[in-house]
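See the structures that follow.
Next come two complexes built around subunit A: one with subunit B, the other with subunit C.
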Partner chain A sequence: MTEENELDERVRRLAAEYNAPRDVPREAMWARIVEQRQGRQKREGGRVAGWQRPLWRWGLAAAAVLVVGIVIGRATVPEHGAIPPGPAVTPVAVTPTSGTAFRLVAAEHLDRVETFLAVFQAEAQRGAVDSTAPGAARDLLTDTRLLADSPAGRDPKLKSVLDDVELVLAQIAEYRAGTTGKEDLRFIEQGIHQRGVMLKLSAMTPSTIMGQTAQGAM
Partner chain B sequence: MRPIGFTSVACVATIATLAGSAAGQGIASSRRALAPVPAVIVEHAAAPRASWLAQDPGDSLYRLARNELNAGKYAEAAHHLRELRSRYPRSGYMASALYWEAYALAKTGSSSADRQALKLLDTRARRFPNDRNSDDARDLATRIQAQLAQQGDPTAAAAIAATAGQLAPPAPPAVPGAPQPAPAPAAVAAAAQSAQIGRAAAEAASAAAPALAAVGRSDDGCSDRSDDRLYALNALLQMNSEQAMPILKKVLARRDSGSVCLRRRAMFLVAQQHAADVEDVLLQSARTDPDPEVRGQAVFWLSQVNSPGASAALDSILRKSTDEEIQKKAIFALAQQHNDAATAALKAYIERPNAPDELRAQAVFWLGQRGDLGDVQYLKDLFKRTNSEALKEKIVFTVAQQSHETDGPWLLSVAGDPQQPSSIRKKALFWAAQMHAVDAKQLAAVYDHATDRAMKEQVIFALSQNADSAAVTELIHIVKTEPDHDLKRKALFWLGQSNDPRAAKVLLDVIDE
Partner chain C sequence: MDERELITRVLGGDAAAERALYDAHVDRVYRLAYRMTGEDAVAQDCTQETFVRAFERLKEFRGDAALSTWLHAIATSVVLNTLRKVKRFHRREAPLEAAAGTGHEPARADPDLKQRLHEAIDGLPEKYRMVFVMHDVEGYTHEEIGRTLGVQVGTSKAQLFRARAKLREALAAFAGKAAI
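Right, the complex of A and B next:
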């Protein structure tokens, strides 16, 4: 199976799980996110914050993400008690590569993009896109392009995702609220869905990006 | 269609220009969609945002093209946007159409399409000089120039070099007695706080080049938006690093607060170079840049410089810095260096008793990632000597990732060692089971010797995950012999998940009881 096929398979699997009926309080979650963002913006005097902060603000947070990505797998929790006493894990073999640093940065960047797009989609659905979103998208776009040109972009899987992300971010960077904004948002949303951007971003976990191989899953 | 007079349109356009408000833009936009406006008015107006103008004759084509863009059908999108331009030259979508057609053409990958895209962006810049998205168009133009330059186009290469060169304009001549620009407070504060920033850095922080400082300052450090020049520099680095490195060095030597974002990105570009002086550039920034992020990145990217000098510097940073974030980056960077000095520095840090456990555990993790058998053996030896549970846990995790023949038995020995903390023994057993390095009989032996219930629960779980039929045998044995009701119940639960017919029989027997 080629790397692209593997990615496709992972995307298909995620797609199948994507809308699985679960009791997730999404509205409450998004309300909380929006509330926190607004609070943060107030505290920071309207300056961009969180995922909108000046970029390349990663570091070994990426490493932490990697470790978490390695450790946390999907546990099959039985319904009738008898919860497995061990941690839910997917053990992996790590193969160090010369591009480890670039891949870590890519993982961190895509994580930030995913967060940004998730919040953007939630705001777009409510018709209240934050005025700083186009600027943040432009920053993310610049980094996306620089990453695509870097050693990280030599990975075809990563390059493909970066290309998709580039178009979506370019459209958001061009977005301006106004009388025609709703239509713009609809097309941005369509782009995200049509290209499966969120699913691909979900599939590009740190362990995927780091080129690790799952040896077994629970 | 209601004609609108020249004066009305001019007024609306003027209002939009002066106010620059979203409302003004919207009005101007819809007015222009209704009437054939003299080109001269359009060209001098602050180009309004033009999308989804339902009454615009180009609306259908524009929507079609945007659909095609989303679908990745770039050639078709470019075709329909070209059609829009030729059929409806007064369309309100013109500015956007020019941008997206250029974008689509640039994605098709041919140099002729790139050249056509550049012409479109040039037209856009001339016709819509005040468009609010002109920065994006300029960035795109530079990206396309870079593509052409990398394909060997000498004109594009010259343009790229010139654009990149704007990042490092010549310093203005010194004027005797002229007042020096005031240092940015944040930069000075950062310089004062950092033990690694000495007099040179403080001087640098207060001596930002006046011409560049005039670009603007803001608290977020991103007021100098030089994305197009950065793209050009990136392209130049890939084509001619000798020409680009001096520019990059000048960018990194800037100390004005408005260039912080620029320096952060420049750091990323430096890291991709293999020039001899990259190490010096990174070390210089690590030591003297007033921005902690830039310093941190310099440390992080020293990971790309595999040299004794870099290792020594990273070791020094790791030992002397009081900033844990910087130390984490130093640990990572050291782990990427494959030389004895780096390995020794990492091991020395891991064994520093007064260093934070979190950092020592990180050092264990990254040391283990190198996949060196000697390093793994060192970690196993360390496991015996250390009393830190955090380190023990990280060592167990790290060893479990190695998948060498000896690692499974080692994990099992940890699991069976009563001297070890229960939580560590459980984790060791868990990983051993996950590695399939332990069979049902061995698990049963651990169960028999375990004195605490948590460990026994872990064994039951490990047995449940073992595909060998012997594991079912052991679970049945536990059900039949275990006096502890809870443990028996857990074993029963997992037997209930098994397809083994013996398990079904045991369940029936229990029900009959």
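Right, the complex of A and C next:
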């Protein structure tokens, strides 16, 4: 046996002792796996309820606000004043009220987007983006586009935020974990940061959005 | 119970089947994680994460490869990611040259050979180290390694060849010394 072969043989024998494992702590690991999975499932449940509320509920919310607005409008009309005939009043009363309803929906939507992006950023930092994130982003993206085309999108500030959100959500919707995944995540992070999306979303509280309505109406 | 049936039962929410799947594979996954990380706590974390991900993604398992190969692909990915994250806490960052010394030092007794060898393995690039540990330490075949790491068999062989060459280089001072 040559000196080199002899060394190889000794290396092979000694390598078997490299980081030699102890007994496998099966039960302890299993207990934590069960716990971790239950925790994730709970978070999943909460997330689905929060992010993926179907759009028809928005419609119901918008309709409810519309009805409330009409009721309030009727209740506040001065009794002694001359009430114009119905057909002449209807278009004036309905248009601003509809805008208000859509703004309320937009506020709720942006709140969901903010929660989603906050969770996404935290997961991206840990390098463990949930596999459901792209699907959730697609749903939010659809709603964002619908809102941008709605009366809510006529407000320049709101439209600007919806546009930024649309871009970021479109990137996340296309995200695929894999060879380029890390690079894509960096890109998405950059997009969120450069556009100041989280700051803009924080500033878009329901009162801010509804306040814009009041100012816009004046 | 065969593998396919086990998977079907796990997908159907059978807790006993989940545990059976875990029991069938946990030892090998943990051993590999421990060999690569050298720390019980980190190896446990990697093993847990491997199984959590496996259960979450089991519905995506198409059965093209053996379940153990698929599981090990998850495990190696988790381990390599973990090592990247925690490497500052490990001495693995010590360059191979440091572990190898200058090459002109006098040969030492074999206990030093063992220590030097382990340091030299620590100093290997992670992918070489993974192939070396899987093949020469844990006894995986090149076919298993190729499927697990998603590389050609030839690549696995080439990486093992380079890993061994680096170790030989690092241990050159011990050549010709008496066997232990």
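To be clear about the criterion, the second predicted complex is superposed on the first by the 116 of 218 C-alpha atoms of A that agree within 3 Å, B and C clash if a C-alpha of one lies under 4 Å from a C-alpha of the other, contacts with A are read in each partner's own complex, and residues count from 1 in each chain.
The criterion applied here is as follows: a residue touches a chain if its C-beta (ideal position, glycine included) is under 8 Å from a C-beta of that chain, and two chains touch if they have at least 3 such contacts.
This is a predicted model, so every value here is computed, not measured.
Student: Which partner does A:Gln194 reach: the first (subunit B), the second (subunit C), both, or neither?
Tutor: first
Student: Thinking of the overlay built on chain A, is A:Leu167 touched by subunit B (first), by subunit C (second), by both, or by neither?
Tutor: first
Student: Return first, second, both or neither, reflecting whether A:Asp184 touches subunit B, subunit C, both chains, or no partner chain.
Tutor: first
Student: More residues of subunit A are touched by which partner: subunit B or subunit C?
Tutor: B
Student: After lining up the shared chain so the two structures overlap, which partner does A:Gly127 touch, if you call subunit B first and subunit C second: first, second, both or neither?
Tutor: A:Gly127 sits against subunit C, while subunit B stays out of touch.
Student: Touch check for A:Ala118: first (subunit B), second (subunit C), both, or neither?
Tutor: neither
Student: Take the contacts of subunit A with subunit B and those with subunit C, and give the residues found in both.
Tutor: Comparing the two interfaces on subunit A, one with subunit B and one with subunit C, no residues are shared.
Student: Which of the residues in subunit B come into contact with subunit A in the complex?
Tutor: 22-23, 25-26, 29-30, 49-53, 66-67, 69-72, 96, 99, 103, 132-133, 135-136, 139, 143, 219-222, 227, 230-231, 234-235, 238, 260-261, 264-265, 267-269, 271-272, 293, 296-297, 300-301, 303-304, 325, 328-329, 331-332, 336, 362, 365-366, 369-371, 397, 400-403, 426-427, 430-431, 434-436, 454, 457-458, 461-462, 464-465, 489-490, 493-494, 497
Student: For the complex, which residues does subunit C have touching subunit A?
Tutor: Interface residues on the subunit C side: 19, 22-23, 26-27, 30-31, 34-38, 40, 43-44, 47-48, 51-52, 55-57, 81, 85, 110, 113-114, 117-118, 121, 132-133, 136-137, 164, 167-168, 171, 174-176, 179-180.
Student: Which bits of subunit A are touching subunit B when the two form their complex?
Tutor: 47-48, 53-57, 59-60, 63, 67, 70-71, 78, 80-82, 84-87, 89, 91-96, 100-101, 104-105, 138-139, 142-143, 145-146, 149-151, 167, 170, 173-174, 176-180, 182-184, 187, 190-191, 194-195, 215-216, 218
Student: Subunit C touches which residues of subunit A in the complex?
Tutor: 3-4, 6-19, 21-22, 24-26, 28-30, 32-33, 36-37, 40, 127, 131
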